[in-house]
């Protein structure tokens, strides 16, 4: 089974939040995705590109156009996007309408990787597996499950994703 | 996308090794798979069954027959097996020959979960994703990659799995 | 060397901050000091009492009077107080003026214990050691160092404590 | 309170054991003490010197003479020694008889630092505090407690140190 190259687009989100010791606030510094891939002993052909480092509540329509453009122009046909969970569904819908012919998986975490997040590593492992086997389309992968972009919502009370 | 129930069969391996504070030796106590699923916020319908808790170097032909029998008799058609890496290929070959009509994924870890293993969580996430999408057959999932049972070997010098 | 009983008074601070998965905010739930003592295999005769669970920036004069009163009325003569670092010096000054005849050590952390804080455990170990050997008085223990209450300030730019 | 310079002599022990991914065995690579001091935000004037990296069960009389000689010749009068717990008492007795006029604290851990040891950091914090305040003599610091060299034994059943 030949592995195809995968592009990982980083947009920030809880995945990459850090704790500022001096102010006690959470902030973004740089992505931990390469470190997570190394600790996971990942041997896939992966190229990581940071597009933005923001809380997904701050993501604008322009940001989503940038993400869609990068999906279209990437030479890889299999793409994982790390994304905050709050507006992950909105971005998935945008990509579902705007990008054709590629397998795109959005994933994220409920707890920052630097705070001992186990769901970040688990989700990254799931996302990289699903992106290799699913047909072209846009999906959200969270909690071990995969959802097509137009059949999912975030249950904000429970912090989980569920089918529409 | 409806999720099907998944059976996880635990056989031990590095995944579940612990450190005995009194003797300084590594030993098996009980599996950490349920804790890992909880930390990964996994919401799949999963049933975990411990078959044995051994180093895979100690696994016998009889052990492999027990594993195959559990694969055949499980009501689930999608099965993940946690297994030591040293003889994971041997068990995969046995299952590849003895079990038909089910999707079976073997996975493991290079570092015990209790020692801050990141590859355990990453691999568990990958294995649970692959088992949902791959056709019937027996596979090894390690390092983010998937290998059919008859096209893989462990590179013992580097501690990674690679195609034959 | 007979060990004397030690009282630990918990007031909150970074030590005990947690991450709320649903809101992404930091909050206080309950103290991690007993868990930290257990993981540190601490065998001292210790009694832990939670007085408040607040960010030290919110600590009022009334809160400080409550702490002083608990120091005076405790049957133990050796007391460790876990406290946010932002106003630790103010509380130390208050106790230095209001409580006599007891050895009181204030300590804290720059990173929450739940976020993999190493300084919390290190500081707790230091504080419990200093409180056993120092003469009566009020001290701050941070960064491996001990400071009398009237000879210390927090360097907010660097997040460390230093002599006046 | 002026802090005096402290010498840390590293001899190995559980503190510094690591897991070899390829063989599954525990081994010594290099000391984690500097990393632990950094994570503990330790600001003491400390100089770390590795004398040996061995399991304390393998420590010989010649090794103990080397340790004693380094204690005597160190320009610092306050010394912390990281040491395996199995023969920590024997080394303490040797130093108690052979080295005069210095404050020497032996400490260790029941769980390797790399396996998420919390007692290592806790003990290192305690040891560095005790070494600053105790009079000249040789001591063992474990479990938050301090023992003079001739009044302590290891309870091997429980993995703790206790008074003679």
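Each chain gets a letter, A, B, C and D, in the order it is written, and its residues are counted from 1.
Quick note on the criterion: a contact is a pair of C-beta atoms (placed from the backbone, for glycine too) under 8 Å apart; a residue touches a chain by one contact, two chains touch by 3 or more.
In this text the structure is predicted, and so the values were computed from the model without any measurement.
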Legend entry - Centroid-based (C-alpha) most distant chain relative to chain B: C
Legend entry - Gap in Å, rounded to a whole number, between the CA centres of chain D and chain A: 45
Legend entry - Interchain centroid distance [CA atoms averaged], chain A/chain B, Å: 26
Inset, instruction - Calculate how many whole Å lie between the centre of chain B and the centre of chain D, each centre taken as the average of the chain's C-alpha atoms. - result: 39
Legend entry - Touching two or more other chains - residues of chain C: 110, 159
Legend entry - All pairs of touching chains, each written as two labels joined by a dash: A-B, A-C, B-D, C-D
Legend entry - chain C-facing residues of chain D, complex: 1, 3, 36-37, 39-44, 110, 118-119, 121-130, 132-134, 141-148, 151, 159-160, 163
Inset, instruction - Spell out the residues on chain A that touch chain C in their complex, using ranges where they run on. - result: 14, 17, 19, 21-22, 24, 26, 55, 110-112, 114-116, 156-159
